[in-house]
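First the structure, then my questions, so here it is.
For clarity, chains are labelled A, B, C and D in written order, and residue numbers in each chain start from 1.
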Amino acid sequence: MAKLLDESAKGVYIISATPFTDTGELDLDSTDRLIDFYLENGVDGITILGVMGEAPKLSPTESVAFAERVLKRVNGRVQIIVGASSPGTRNLKNFASKMMDLGAAGVMVSPVAGLKTDDQIEAYFAGVVRELGDNIPIVLQDYPQLTNVFMSAGLIDRMFTQWPSLKVMKHEESPGLRKISKLRASEAKGMRRRISILVGNSAMHLPQELRRGVDGANTGVAYPEMLVEVCRRFFAGDAEGAEDLYDIYLPIIRHEQQPGIGLAIRKEIFRRRGVIKSAQLRAPGPVLDADDHKELDGLMARLERKLRERGLATGADVGRRRAAG
Amino acid sequence: MAKLLDESAKGVYIISATPFTDTGELDLDSTDRLIDFYLENGVDGITILGVMGEAPKLSPTESVAFAERVLKRVNGRVQIIVGASSPGTRNLKNFASKMMDLGAAGVMVSPVAGLKTDDQIEAYFAGVVRELGDNIPIVLQDYPQLTNVFMSAGLIDRMFTQWPSLKVMKHEESPGLRKISKLRASEAKGMRRRISILVGNSAMHLPQELRRGVDGANTGVAYPEMLVEVCRRFFAGDAEGAEDLYDIYLPIIRHEQQPGIGLAIRKEIFRRRGVIKSAQLRAPGPVLDADDHKELDGLMARLERKLRERGLATGADVGRRRAAG
Amino acid sequence: MAKLLDESAKGVYIISATPFTDTGELDLDSTDRLIDFYLENGVDGITILGVMGEAPKLSPTESVAFAERVLKRVNGRVQIIVGASSPGTRNLKNFASKMMDLGAAGVMVSPVAGLKTDDQIEAYFAGVVRELGDNIPIVLQDYPQLTNVFMSAGLIDRMFTQWPSLKVMKHEESPGLRKISKLRASEAKGMRRRISILVGNSAMHLPQELRRGVDGANTGVAYPEMLVEVCRRFFAGDAEGAEDLYDIYLPIIRHEQQPGIGLAIRKEIFRRRGVIKSAQLRAPGPVLDADDHKELDGLMARLERKLRERGLATGADVGRRRAAG
Amino acid sequence: MAKLLDESAKGVYIISATPFTDTGELDLDSTDRLIDFYLENGVDGITILGVMGEAPKLSPTESVAFAERVLKRVNGRVQIIVGASSPGTRNLKNFASKMMDLGAAGVMVSPVAGLKTDDQIEAYFAGVVRELGDNIPIVLQDYPQLTNVFMSAGLIDRMFTQWPSLKVMKHEESPGLRKISKLRASEAKGMRRRISILVGNSAMHLPQELRRGVDGANTGVAYPEMLVEVCRRFFAGDAEGAEDLYDIYLPIIRHEQQPGIGLAIRKEIFRRRGVIKSAQLRAPGPVLDADDHKELDGLMARLERKLRERGLATGADVGRRRAAG
């Protein structure tokens, strides 16, 4: 079993999709291939059952089945974080405990919708942290574009100071570059212990976020190899090289991150790369039409061309390697 | 078993709370008493597992257990509608089917959050209606204060025209008086069949809504006897008498309908009236403090005094009658 | 000239409508009558150019003309507060200064839309307070239903502690009863000076708010005589008598407070009471239709009947008295 | 004077910033330079007093002064569109008329906040179009990220069909690629006349939008030369070349488009390029800090390096040419 999540989390914790068949059944064979794909590409951890994992559309039985399959496939090689956000704290607790028993390294929790002031948000998490106890490491997900709950750097400082079970700040407010600097400044002043900050939001500002002090990415693009290599170069001291690579992928990253349709695009890319069998989302969810496909053809072809021009491995190569593997 | 829900639904379909013990366990004994209380007060139907029923905080197992208990206790005397809204259509369908198999008369569905334009809303319900098939009667819940999804009268006309399985419009937009008139005008012009319109939103405008043509209430105040008697008087031709009675209760209705804390107030009134054992909500949820209790003391005492002054049965009497029962 | 606004503000600061002619011109004759009407009914102050005053639909020239007319008519008999909220601090400052020069007792400021965290809200008001200087008394408007900006009691404490020019908290969050208790508790603990708290939100919970410690009302119902008498009774020690009177008016207060259409209803009541000549709102704004008028007929008739039954002066009497006066 | 705006609008209609001095005064000398800069870079039109122009923070006198200065400087060489959105239709009309009298080619109007259903949006614009009359060409701004008003393609079809004075659809919903295809499909089916569609939203998806049939851009990046050249190449048949150029700028376009701080970044780039004297925004507004400046240094240096590597003119060259000019 992988060790529990702590403040040393660093690198790429990919957010995993949940593969379905064309008729919407959980596709556990594709799940295996997807997990293998992530591992082959060198991720440091995998977060399952997040927003991108369509978690709220799974039945509880399916969620457990999916988590079990992933944990079994990974078999302790990297840490698995499980999204556990829930409208009720009791359900959250029960699910989180079950996931930890199955071997998860920690859980990811975002605030329930409707929280407004700093006090309300703090009170909510106080309840969650108390309920989860000291032994379940928590990734605090800060994704106001989705939850409409906004956490200031000061509030995050207060919460991480109070509760040792908070380990990782998943930062995906946008814009949010200044917030990273503020959080690191709090540490520089000795206001609280150093925490891990991983960025989400489709990595739309990853090079700038790395320069401002984040420890890596916790997001779910369809080209995980880029996230891994960008982080590798950056932490090896080659910030410009990291950004050069990133910029090649930026056009498609920008295309992928479109709210709503973005996940359908990502699943289609995974499908085209030979990783999952069907690009199906569960309803309600978008289905790509002919225009969307043609557009994606163009963007993928452009990416491959640019990678080839620079002598870099292309997504197609990765696909071929997988097929050959 | 009660007959299936159809467009003739009329009177009071009370929205039921879900009783918990002080430690947050499902309290099925209190559930029996609560259901008896509703029936003794003359409701025409009961909607369970709605927003007021804290449905998203129950586990699926608990939801089924609660529904089974209610259906057994009611034993076909009135129609039971079950809230089935869910982020995913597949879960919605599975749960709705199970509820119908258990003897529900229909299900209540509200749109998922995030739908914006008329087209998006219509497309969402097209998917739900197709999935549920022809044999599950649907209450369309229109509660934009909660969902942030706004449906125009024209859109509602279009949806009820297309889909015969939509039977009841649960109207709780606020303000929404004109919408009722528009919906009834569409029927007067022969644009579509007559549907049942029941009002929610804590019955804050019930007398005006009845005068504009609604068929009754589908909401969850802690004084169901008032809703029943107001509707009885109104449909017996005594609109002024109905409103006179209503106005006596309005101060506490207004107090009860406060978003967030309202449900805690209602459960406390049920507790004080001897109906449920604990006023507990599941976390995250408010707990009344000393000021809140004192305030409620005052409002309940005022209501009883006003009822007594007019020679009407008071909540306390109902409580006593129940205790004696 | 009336003295400047300070923390002793108490009683009824009515929010004034802005009368227009049927063609949408500023109606300054009706303005005089409306101001006289407020004064005859015993208000302690008048707030002009707030949300209810359709301020954003006036041209700057019209705003100044309207304010001048009101200030001249009042002639120092009560304090005049002027709504000065603006997207830009510079415009806010210029307008506020002009209003103070004309004789206003203070200005009302609400946060700009889009502020999220406590820090953002505090930073915004820091800028406004600095810009306005020490000599312009400020009513802090807390109306999240409109602005979507939520201020916790703790934040309000911090802001009033820092900035002496904040004098009055206009409380209209809903639900907000607990917030009042929290604010008064801060004072009881000596955390900051006692401030004036006046409630808005159409006085929907006025009796409870008075019992929790507010100093009066700062809202704009079409029956100001009720607000004045309720506050008079309450501060004379007759809380129950105050609430008895209030409850008679509650059905129409509830009708008036409907977002969107509420102002059209209020202006129509003022018109019917002989106070203003036209019920016109500036576009875009609702126009009452035949159903709305008939509904209002009923509610006004019911109010008059209930007042007569209790031997109280009716709105009609006030109207007649005015016509005779 | 330039001809009035019509459905043939094509190319780059840049959205202009409004330059201020360090103390927040309108800076009309910088305005001249900014306008010259836009013209030298080959824009086809200029939109002033939009969101990016900080219009709501100007006084009416300043708005007129700014518009006069721009119109005089441009002197009919390109079309000037003026943002005229306003909470009240009367103010909107008066301002729009004045702008047309001064020589504007048309006005841009976005819906007021708070409109929800298709019906409400249509009713709002019906009022605006009626008020503006037949002779004021209108750009319909569709920017739901700001207004929270969402317009479906079907609604836009209906509105453009009804009202000939609507000429240009400023499309900036995000994601919105499918909406463009739908709008063009309506035309292909002969449902309505062909309209001009220009894209906003910081041109974040410009190459894809062009391929889906838009006529150009109506947005305000700090590198207008890129927008002009991308459109030129695309309409000359070189879609791939257009996108190659675009991709070089994408990293900084993505950086510029950050809500809130984006305008401060743009003004700073204009300042660095020698176009405006101060990067000042009016309060409330962000001010770049040392980290922000350093980050921008890096992004601008990277852009210049990439342009040089490809033998393209850099921003610095444009600046030098201006200084020399």
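We adopt the following convention: a residue touches a chain if its C-beta (ideal position, glycine included) is under 8 Å from a C-beta of that chain, and two chains touch if they have at least 3 such contacts.
Quick caveat, the model's predicted, so the values are computed rather than measured.
Chemist: Let me check something: if the centre of a chain is the mean of its CA atoms, which chain is farthest from chain A?
Modeler: Centre of mass proxy via C-alpha means gives C as farthest from chain A.
Chemist: Mind checking the centre-to-centre distance between chain B and chain D? Centres are C-alpha means, answer in whole Å.
Modeler: The computed centroid separation for chain B versus chain D comes out at 48 Å.
Chemist: In whole angstrom, how far does the Cα centroid of chain C sit from the Cα centroid of chain D?
Modeler: 39
Chemist: Please tell me the distance, in whole Å, between the geometric centres of chain B and chain C computed from their C-alpha atoms.
Modeler: Centre separation, chain B to chain C: 34 Å.
Chemist: Quick check: what residues of chain D touch more than one other chain, meaning two or more?
Modeler: Nothing qualifies.
Chemist: What topology does the chain contact graph adopt: line, ring, star, complete, or other?
Modeler: Contact map by chain: complete.
Chemist: Using the touch definition from the top, list the residues of chain B that touch chain A in their complex.
Modeler: Chain B residues touching chain A: 24, 54, 56-60, 86-91, 94, 112-113, 123-124, 127, 131, 282-284.
Chemist: Report the residues of chain A in contact with chain D in the complex, numbered from low to high.
Modeler: Spelled out, the residues of chain A in touch with chain D are 174-175, 177-178, 181, 204-205, 208, 211-212, 240, 243, 247, 250-251, 254-255, 258-262, 289, 291-292, 295, 298-299, 302.
Chemist: Can you tell me which positions in chain A touch chain C when the two form their complex?
Modeler: 116-120, 144, 150-155
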